[in-house]
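Note that chain A is present in both complexes that follow, paired respectively with chain B and with chain C.
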Partner chain A sequence: MANLHASIPMETRRLSPALIFFRDQRKWVPYLFVAPFFITFAIFTLYPIIRAIVMGFQESVGYSNQWEWIGLKNYVEALTNDRQFAIAAKNFVLYSLGSLLSQIPAGLMLAWMLTSPSLRFKGFFRALFFIPSVLPGVTVGVIGAWFFNETRGLANELYLLFGGAARIKFTLYPEYILPMLLTIAFWQWMGNHAIFFIAGMSGIDNDVIEASIVDGASPWQRFRFIVLPLILPVIAYVSIVITAGSLTVYDVPIIFLGGGGVVGGGGAGGQGWFFLPWMMRMAFDQMRMGYASAMGWLVFVVAIAVTAVQLKLFNFGEAK
Partner chain B sequence: MQTQTSTMPVSKIYHPLRFRRSTIATIILTSLAIILAVLFIWPFLSVLAWTLNDVDASMNSLIPIPGRFTLHVYQLMLSRYRFQDYLLNSLWTSIAITILSTFASALAGFALAKYQFPGRNILFTIVLAVMLLPLGTMLVPSFIVMRDLGLVNNYWGLILPTVGGGAFNIFLMRQFMLGIPTELMEAARIDGANEFRIFSHIVAPNTKAAMGVVATLVLRGAWNNLLWPQIIISDNAKQLIMPAIARVNELGVADPYARIVTPAAAIVAAIIPLLLYSYTQRYFVSTLTGALKS
Partner chain C sequence: MSKKIDRRKFLRMTAASAAGLFLASCAPASATPQTVKEVVTVVVEKAGEKVIETQVVEKVVTATPELAPAVKAEPTPLLYWFQAENHKPEYDRRQKELEDKFNIKITYELLGRDAMTKKFPTVLMAGSGYPDIIEQNAEDIVKFLKGDDKVIPFVAIDDFLSASPYATDVLENRWARYTKGGKKYGAPHDVHPIIMIYNDTEWKKFGVDMAAVKTYDEYLAAMGKMEKKLPDGSPRIGIMDCLGCAVFGSMMLQKGVWWTDANEEPMLTNPAFKEAVETWYKFKSYWVDIDWGNAVAMMKKGQVMTQFIPDWFFGIYKQGLKDDAEFGKTSGLRVMRIPYFKPDDCRTGSWGGTAASVPKLSKIVDLAMKVLLYTYFENGEKQLEARFNDTGILPPVKSVWDADIFKQPEGFLGGTNAGQVFIEAARQLPKYSENWKTALVASAWGEQQALAWADTIKIDQAIQTADENAKAEIKKNE
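Right after this comes the complex of A and B.
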């Protein structure tokens, strides 16, 4: 670089700095190349986020663009006096815990199975178990609704096959909503996680395994002390994705709880609300844009906090 | 170099928990995998069979074979519910989004990978931070901004926010572009090529695979999107496929056909992501995990 500058003739050096800047394409072209992202980011992401801070303290007058200041009312209402928001918060906690505890162990076991030297047709199985995660959320919701359908669903057929007395209309029971959604999420994501775990395992050194076999380590010990530490970053990534995803579930519950004529959008007993469906209901059904923005901010902050805590937890685990 | 280890075929890797390779183990494990796989696709097959079943014919969900085969449901889907319109709307907006977004993220990824310029590290940090932001929670204020800009019920409202490329795609592109030899660019510069020519003649041809992966991801994301088009497009005739399915699904009891047309449409809507996946399957997993590891 130094040589390059030395070779610039004296006349050029006397030119104005701006002209020199524009003469050398390498100086301004990178800014031009990143401009589309940062311009659209500023208009369509950053500005709405800042706008949301203001809107959280306001309420729109109907569908119009007139806003009145109402102070902290939105936040107070969301945190103390909104049954559906509380249900959504509870559902987020249970849904993310349920997903973590079911999908990560199952994903690990599937990854183990799909990397075993004894398994034939590995490529085929890997491709197959990955498929549900590329399907549209809408399709997954429809398949889930069909699975738990009273007259046509597989769940009921299996229930009858294994000695059930009569068909159950699962969607009528508030206590079944989360288990059903967790089953659907399990089907949708398990294969996806397994593929990530397989990629994490691929970095493991053969010699280490050989040595451990010679030393008489059991398969469990090999898993616990060799494989697990190596794929811990992948587990961290997957669990962050699961938790963040649980905060913004939308497609599957909207389809799953939206059909079948259960009135209210929140499923049986209104127990099926999640953050996004409830925010959308408030914003576009009740025209309470300010209130929805305030809820959006609360969830936004929770999401960042949860991600930060998880990053910290897993870093701590690695340091040990 | 991280990315290279992960693209290595996984089948060649020594299995960490390996037990003695024997025929019995192979038979047991493979049959277990087959059973799991069958359980995995059965719900899908069951739904598919119901959509091909005559409405009056009986059928057992456990056996996914239509009692009396008919395409009547799919005909209804097109004639009565006009799903071909929604599919077309989705198709052209998704393709527009894919082209613009892939191009923009390639340019930005190139700049962040291959140029030294003041502020580069800050800009890259912003891209990384944006990847972690839970932007799904900010859709209501985004809608307000779109309304103020007059982009509601307008396809530009779907397309414009994506023309910047997206943080994750830029990150993926950057990881790929790091691998392009700088000497190649220098040689081109000495031959008198300007920076745009370097992008179009050296960088773009060398990163076709990366662009393919990003394009696949963008296309799938745009096609599968339910919430944003639901918010932005209010005119029914202009609607995209996913919100249209959600609307027909909600007709529920009031409309006797809606119940069976919904799964048919949901299956048709899944064809595009499935095709994309089957074409790019190999790339896909190794690319994603490569980026993840680095």
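Right after this comes the complex of A and C.
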């Protein structure tokens, strides 16, 4: 049989890799299918992230899209010359500690009660405690403002009931800012955490519980030595969520402390700043988008660091 | 060969002739040229930089006789952003009027304040999606008054105003707030003069004729005669206001100070500022913070005895009480001018405000400016009187104030009139300057004021700390 390729010069018979690639549909068609996701990801996620990183090293000129490169100046200013940023950092630490110490134990206790065999209408009570967590932040802020209202708020009524001398205008005192916000957060999120703990508790093998009962363990011993260790991954998750939430507190402080009514934007004595309200103020009141971006990245680093510490403390969520 | 026209050719020629006749009939009739003056924006190069300037030019236009069939140009799209929901009825009502008059297609976008303060800077940076007219809260507009005219993103209104019929009719002092470097960047929608509403029936029970009270000392003395509890045991309040709103703001203006002066410097350390603070703090034991949802009911009941209110708050009272005929028969609510320190003080202040501007990015600056000035200041068809009727907001156009609508009795005020009281107050409103530093100064004071009001710190310390903080913030953000 004649060599069919004999008349074709050798160099034309050696095909380029690209040609080889595109000649075989099975090689390039899959990329077409995943391209929409990656294009969307690149435009709406990757580009904004890269742009925000670059913005942290720039400052906007006027109100147009002109930028001036200023290097690390924004980061240095945030860390060394920003009173409100420092207050926000302090408030984050105290708020997250307060939330962890109040919401987790209360959530566990509530979950334990809501899984009690003797409790009737479990579904109703679970929904009741869960509802505050699905309310919009502004609504929660307004409810909180009403609760602490001087003339008709429940807090003052309870205060007078338990022997208080006179009504208190809570928003005038810096020492009440965090307790007020923690109270509102407790009401808003305790039920939500309890639902997660209930889910964790429901996953515990009943045989283990029954075996402990047979061995004579008290309810507290069952809870302390069996349930708690087995739902440690859930506790780890909830604590990470609480901490992340503490970093992004926005609506409630704005409703309580913002505006030009009773107090300035930072509350009494300017002690009520949190990261997001301050960043928003810098970005959209003072048009310092680059500075706000730099603060945002600092907050991101804090979020990563705190999450890493928590995961380490909880042994990466491994149940013991 | 004979030149006969066949049927096909005949039909073609007939169709072409008909088309030609039709086109000829569409041509405009002969017209008369006219010379008109127009304000236009041009981009000129000065010192190597491009700047936007307004110029008055003469143009020769051809006025088409009315009877000639006119081919109307496509309406020009115009995007109008606003945030005050109570302006919506007026804009809905006047949309057709504006579209017919200016041959525009208006799109009104109602944005929440928070949304607008974020969206507007974003569209400025993006260079797209911007409105042709933006109506903002006054405090938000003045934040853009930073830097010189090249940087400020709004077109200066001055030349357009001079070329309009409204130049001398708008309350002059109301422009100062939106003026920088001698140029006006926002057109005021309102005046918001402050008057006092009080419950005369309840005051008379304590032997006080509030109408006779003139000075703050007399006002304070009247508070002292009031019983601090209602018969049902609930607290009675002498004055309802937020700490830094109507009363304190009015006292500042009466003392001749504001947050920042005309040179953009904080005025916290001005001795007159401290005098205003000390006077306001004397009312501490009679004060309660504004209860937005219940203020009207509390005043009606006599639980709140007085309140300093601007016209928009009066609109809230009107909305709540105008249909209450029973209450109207025996209503003891009255309005009067606020007290003063000295007889020659202005007996008013101002709280809040809305203003509109045309961004420089707009591609139809001339047209947008005409629409803006017309919307805000034209009263040819009693548009501004309708605004007062709907919202209780006093327009800043002096010639309108003679209208009968401002002399109407109010049932819930026992048949007395509020419009004339607002107008008297508006005529006395002093000038005050604001800029991007104003909010920083006011906010710094607000933080310290809370501590001073709670007696945690002394007034002097509050002023000093607020001044230091304000100046640090200004330096940081310059």
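Here is the rule we go by: the second predicted complex is superposed on the first by the 272 of 320 C-alpha atoms of A that agree within 3 Å, B and C clash if a C-alpha of one lies under 4 Å from a C-alpha of the other, contacts with A are read in each partner's own complex, and residues count from 1 in each chain.
The rule is simple: contacts are C-beta pairs under 8 Å (C-beta built on N, C-alpha and C of every residue); 3 or more make two chains touch, one makes a residue touch a chain.
If you're wondering where the values come from, they're calculated on a predicted model, not measured in any experiment.
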item: Superposition on chain A - do chain B and chain C clash or fit; value: clash
item: First (chain B), second (chain C), both or neither touched by A:Q286; value: second
item: Chain touching more of chain A, residue-wise (chain B, chain C); value: B
item: Partner chain in contact with A:G270 - chain B first, chain C second, else both or neither; value: second
item: Which of chain B and chain C A:I43 touches, first, second, both or neither; value: first
item: First, second, both or neither for A:R152, with chain B first and chain C second; value: both
item: Which superposed partner A:N65 touches (first chain B, second chain C, both, neither); value: both
item: Partner chain(s) touched by A:I255 [first = chain B, second = chain C, both, neither]; value: first
item: Which of chain B and chain C A:F130 touches, first, second, both or neither; value: first
item: Where chain C runs into chain B (options 5-13, 23-31, 113-121 or 203-211); value: 113-121
item: Residues of chain A contacting chain B in one complex and chain C in the other; value: 65, 152, 260-261, 280, 284, 289
item: Parts of chain A lying in touch with chain B, wherever the complex brings them together; value: 25-27, 29-31, 33-34, 36-41, 43-45, 47-49, 51-52, 55, 65, 110, 112-123, 125-132, 134-139, 141-144, 146-147, 152-154, 156-158, 161, 187, 191, 195-196, 198-204, 206, 209, 219, 222-223, 226-227, 233-234, 237, 244, 247-248, 250-251, 254-255, 258-261, 275-276, 279-280, 283-284, 289, 292-293, 296-297, 299-300, 303-304, 307
item: Complex interface listing, chain A residues touching chain C; value: 60, 62-65, 77, 81-83, 149-152, 169, 171-174, 260-270, 280, 284-289
item: Chain B residues touching chain A - in the complex, by the definition given at the top; value: 5-6, 8, 10-11, 13-19, 21-22, 25-26, 28-30, 32-33, 36-37, 40-44, 46-47, 50, 60-62, 104-105, 107-108, 110-112, 115, 117, 120, 123, 126-127, 130, 132-145, 147-148, 160-167, 170, 194-196, 199, 220, 223-224, 226-227, 230-231, 242, 245-246, 249-250, 252-254, 259, 262-263, 266-267, 269-270, 273-274, 276-277, 281, 285-286, 288-290, 292-293
item: Footprint of chain A on chain C - complex, ascending; value: 117-118, 121, 124-127, 139, 143-144, 146-147, 150-151, 153, 235, 242-245, 288-291, 294, 436, 439, 442-451, 453-454, 456, 469, 472, 476-477
